[in-house]
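The structure under discussion is supplied below as structure tokens; questions concerning it will follow.
Each chain gets a letter, A, B, C, D and E, in the order it is written, and its residues are counted from 1.
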Amino acid sequence: MEEKIPPSEMIVHLGPQHPMMPGPFRLNARLKGESIVDSEIDMGWIHKGIEKILENKTYLQGITIVDRICYLAAITNEEAYVGCVEKLAGIEVPERAQYIRVITEELSRIQSHLLGMGEYASFLGFVSMFMFTIRDREDVMTLIDSITGARVTHNFLRFGGVKDDLPEGFAQDAKYVFENLRKDIDSYEELYSTDDIYRGRTVGIGVLTPEIAKDLGVSGPPLRATGVDFDIRKDEPYLVYEDIDFNVCTQKEGDVYARIQVRLDEMRESMYIIEQCLDQIPSGPLFPEGTPYGKRSPVMRVPAGEVFHRVEDPRGEMGFYMVSDGSERPYRVKIRGPVYPTLQALPPLLKGVSVADIVSIAGSMDTCTSEVDR
Amino acid sequence: MDEVEEREKVEPKIFDKIGYDDIPGVVMTDTSAVSDFLKKTKVQNVLNWGRKNSLWFMVNAMGCCGVELLATGMAHYDTDRFGIIPRNSPRHADVLIISGYVTKKYLPALKRIWDQMPAPKWVICFGDCAISGGPFYESYSTHQNIDEVFPVDVFVPGCPPRCEALIQAFVELQKKIEAKKDKGTDY
Amino acid sequence: MDARSIIASLTDRFPEDIYDADVESDIRTVAKVKPENVVDVCRYLKDELSFGHLCCEFGIDYPDRNEIEVVYTIGSYEHPVVLNMKAVLPRDDPQIRSVVPVYWNANWYERETYELFGVEYIDHPNLKQLVLPEDMLGEWPLRKDYKGYPNKTAKNLV
Amino acid sequence: MVIKNIITAIKNIYFGPPVTRKCPEMATRLSDRFRGLQKLDKHKCIGCGICANTCPNNAIKIVRSRVAPDKDKQRWFPSIDIGHCLFCGLCIDQCPKEALSNTKVYLTGIIRWNHEDLLFTPDMLAREVDINAEEEAGEEVSRWTPQ
Amino acid sequence: MQLDEIIFNPLLRSILGLVLMGVIFLGAMVAIWFERKLSADIQQRYGPMRAGPHGVLQLVADAIKLFTKEDIIPRDADRLLFVSAPIVLMASVFLMLVAIPFGAIIINGETYPIAATDMDISILYIQAVSAISLIGIFMVAYSANNKFSVLGAFRNFARMIGYEVPLGICIVSVAIMAGSLNVIEIVKAQDPLWFIIKQPLGFFVFFIAMMADMGRLPFDQNESEEELVAGWITEYTSMRFGLGFFAEYIHMILGSMLIVLLFLGGWNLPAALTANTILGIILPTAFFMGKVALVILFIILIRWAVPRYRIDQVVDLSWKKLLPLSFLNLIWVVVLVLLGV
């Protein structure tokens, strides 16, 4: 935005350090009064070069690095990466390990949505709601912690299985947590739907139509809020999602309110999935028997080939494209993050709205800058 | 009522007589004689008590640790117990928490935030990325050795550290201020 | 619409431009495309074969073959088939037509590929650096012969 | 209406006791699998260097160190730069002799005022030198604490 | 009468004014502490605990720190305006303080309000001087050379202009009912029946307009933290920031006092309770302050329980809803007065 602007307008740089988002990015907004004439996003403030780093790590070491792509969905990142390697090497995952993976991934989805939803409320000035959702998130985090041993970066999945079994008494703990969480989600929904100020700030703001959303390449809750039931878990089932009964949560309106509503519904759906998994989970080994894969992973050489594997991240479609040349390190890894197109779609959405709605719309997209920059 | 009239009388004189930089009623000095004197007395202890009990930190979430940073301010860990509250403007902050990878592109911005903060100010390196580059220490894009750029007071290793570690870091910083060994103030 | 019919339709329509087309599995197909005609192929894919969702677009560097591949991973909202379409470019002067007129979200992918690999996109609306600082442009860090990696400046105590 | 919100807030004052974990004073209960500072068993370690090779971050180096505080004999042991360590646990998983193990030290033992203090020598990892860590989690480690 | 002479002595009045200044500062500190504790309760945490028992000295620590911090004046700022803006803000609230009574002493059935002055147009005066803070904010917007400050300040103008009108009309209807512009007379007029009962609509409009005037949460667009970093106060450091912060809280206390004075009956008590001299000295002020504390409590509760309006919604609310309602209230009051109720 170097061009000359008329004196009635001004350029405001929101960021790179701005309370709007966890993680820095810059939004150069050209304002006329309070409304936005034009905007542009400047990325890369935390570009880390993960793709280059992955090329120089062995497959096993890569797991620790992919954890740090998006800090809110570390398990799904791992699943995409590990699934990629398993497809290339032709490893079968035992059923019990698959169920455990599904459980951790859905837990991760719940905590991510809780954070995104609460943070969104705090963007509207409703700080107490943020506190409430984080309070619930801590409970879910404790569940994840008890399985994986870490809060954010888990390093839990291994090629062919998972590192550890479910801890003893996990089912009771989960039941206890979900009981409270269901109540709390109901109360959040009630607060959201009855609060006039909240409705005034969200209904009809930042509307995406299905056609435009598809054109922008948006996926995940922002797309499902427009009524398109695009969900990798249904369309291209991985792990045991085929055997599990769940709905793809959609809304019609495509505005900010619908996106938050989709997240609320998805949390309920995730809890339902986990409960099914806990009922159905078979006993058995965590790693394929008769192979060297195990907790002490061998140095792997993956046969040459190329593969594209995608999973459903809390924010949308997460994909890894991996090229192997037969050595112990991947030749090229491309990470397709869900937030990348979502963030790219912000400037067209922001045209003509007021400054206060920037945070409303950007927050409802639940963007994760770290993953965009990689 | 009298105050208003008085100011109206005085104001034209200011513009005529004194330069733009001198404001009546505001003493502006270049020396730090007063603070130097205070540092030798017991008053400094009182000042340090005030400072250590109100360490407002800058909300500057930069990476994985940023999530833990957010969570630390919330109900389960509650930094407010120590008088530590998040501030969004660097002008109001005392503590800069470097909570993630500092890239070549971001370093100038981070330095600018640091320059905008009023002294005395402190830095906490939260997480491996801030201390040494963490998993990205070889990357073409990141800037390593942040402790050569900023005067770091407390190092919190972990990737990411738990929320308790950040609170412990604040406690360590308080201890350091109390012991008069911190780098934010010259003793 | 299954993978085989898609490949058949594509090769029928563009016999000159599409080569090495193959079906890997029910939901994965690969094809190579001549770089001159990539925009037409993409438009055909989007309009006729309902490949409306550009998953990603990126480069792969092969220094020993002296070529850079640009891969378009194109999915769909209607059917589960994903097409990995590759365009092979010479490594010395990689140039290709931009697909932004067809897929709007290719914009950032192409900017990123440009600054990391040096692939130049013709007719791109705003071809400049995206994630790197301006002075790093021209180093193409994701190419295999990049000199700045590993960056040995970190203070490692051991 | 906003009345609903206010009622919720008032309810929280009376029916919502503080959920805060009293951090520095009371140790938080950690999960059994928590990965804190590593502990080295010098009797088991053979100095093979698998941990150093596995480490994704090159945080481990094999150095010469005394086998016991009172003996002069030296052998090869790992030393860890905690400022680089990701606490991913790969070194512990891959150790063939199970010489390395997890502890729950993650606060006072490793939060330091100087960068140089973050280097943990084999003696410190084997806890022959006092690393100034209180017994944070202690024996009382439970998998779940209902709030 | 001798008591009268003592009470109307100008010297004593000035000393009383200074004391009230100290009291209001103390009150603001207590209010901030109270807000932090109450918000912590709502959010299921503890709030300040370390500085003093239950954190009562937290504000002292904050003040010490703010006083000893570096005072930065941005290079491109207009120095004179930048430095004097917080003083203007503070002056605005202190000028309000002059006319607001802090309670009353009732001796032998005679009421002596505790106020620095006793003017006949005090409510008009309060309304006038509270608008001075707008000038202070304008000075900030002009001088700070920060776009967030400008945006925050302009939001403040839009909001204040919108809400001064319904506020003024509500005050007019109160004055019509009381037959006086003097706050003390207005309190006297509420002796048997508070004005909230006679004109509930007026109270509702006045309360909302007063909250907007104070800039409390559903209406704190001028410093909405997530959008504008810290709004008009973004560039201020150290005690200049502290002054702006304090001015806001003092404004909140004074506003709550106005609400109590105009609608909630002030210090009026049944005569039987104040017959005793000691009770007459203590009870009315305590009663008044208790009601003020309740109003503040309610305002703080709202602050932590609702999201924030967008600025155009706030202006809409004022011009499209509150203004017609206040006119309705005015007509209602005129009818009441004409009927002689």
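Definition applied: a residue touches a chain if its C-beta (ideal position, glycine included) is under 8 Å from a C-beta of that chain, and two chains touch if they have at least 3 such contacts.
Because the structure is a prediction, the values reported are computed rather than measured.
**Q** Going only between touching chains, how few steps reach chain C from chain B?
**A** 1
**Q** Shared touching chains for chain B and chain D?
**A** Chains in contact with chain B as well as chain D: A, C, E.
**Q** Taking each chain's centre as the mean of its Cα atoms, which chain lies farthest from chain D?
**A** Farthest chain from chain D, going by C-alpha centroids: E.
**Q** Count the C-beta contact pairs for C-D and for D-E, then tell me which is higher.
**A** D-E
**Q** Calculate how many whole Å lie between the centre of chain A and the centre of chain B, each centre taken as the average of the chain's C-alpha atoms.
**A** One centre to the other, that is 32 Å.
**Q** List the centre-to-centre spacing of chain A and chain E in whole Å, with centres computed as mean CA coordinates.
**A** Centre separation, chain A to chain E: 46 Å.
**Q** From the mean C-alpha coordinate of chain C to that of chain E, what's the distance rounded to whole Å?
**A** Here the centre of chain E sits 63 Å away from the centre of chain C.
**Q** Enumerate the residues of chain D that touch no fewer than two other chains.
**A** Those would be 2, 5, 8-9, 18-20, 56-57, 81, 83-84, 86-88, 115, 118, 147.
**Q** Can you tell me which residues of chain E touch two or more of the remaining chains?
**A** Touching at least two other chains: 40, 42-46, 218, 225-226, 229, 304-306.
**Q** So which stretches of chain A touch two or more other chains?
**A** 18-19, 44, 47, 49, 52, 56, 64-65, 128, 131, 135, 138, 153, 195, 197
**Q** Please list each pair of chains that are touching.
**A** So the chains that touch one another pair up as A-B, A-C, A-D, A-E, B-C, B-D, B-E, C-D, D-E.
**Q** Please give the residue numbers of chain D that touch chain E in the complex, ascending.
**A** 2, 5-6, 8-10, 12-13, 16-20
**Q** Flag every residue of chain E that touches chain D in the complex, lowest number first.
**A** 38, 40-46, 218, 301-302, 304-306
**Q** Could you please specify the touching residues of chain A with respect to chain B in the complex?
**A** 16-19, 21-24, 44-50, 52-53, 56, 64-65, 68, 71-72, 115, 119, 130-131, 134-135, 137-138, 151-153, 370
**Q** For the complex, give me every residue of chain A touching chain D.
**A** Against chain D, the touching part of chain A is residues 57, 60-62, 64-65, 128, 135, 138-139, 142-143, 145-150, 153, 155, 163-164, 167-169, 173, 176, 187, 190-191, 194-197, 295-297.
**Q** Any idea which chain B residues touch chain A in the complex?
**A** Residues of chain B touching chain A: 58-64, 66-68, 70-71, 74-76, 88, 90, 100-101, 103, 105-106, 109-110, 113, 135-136, 138-142, 159-160, 162.
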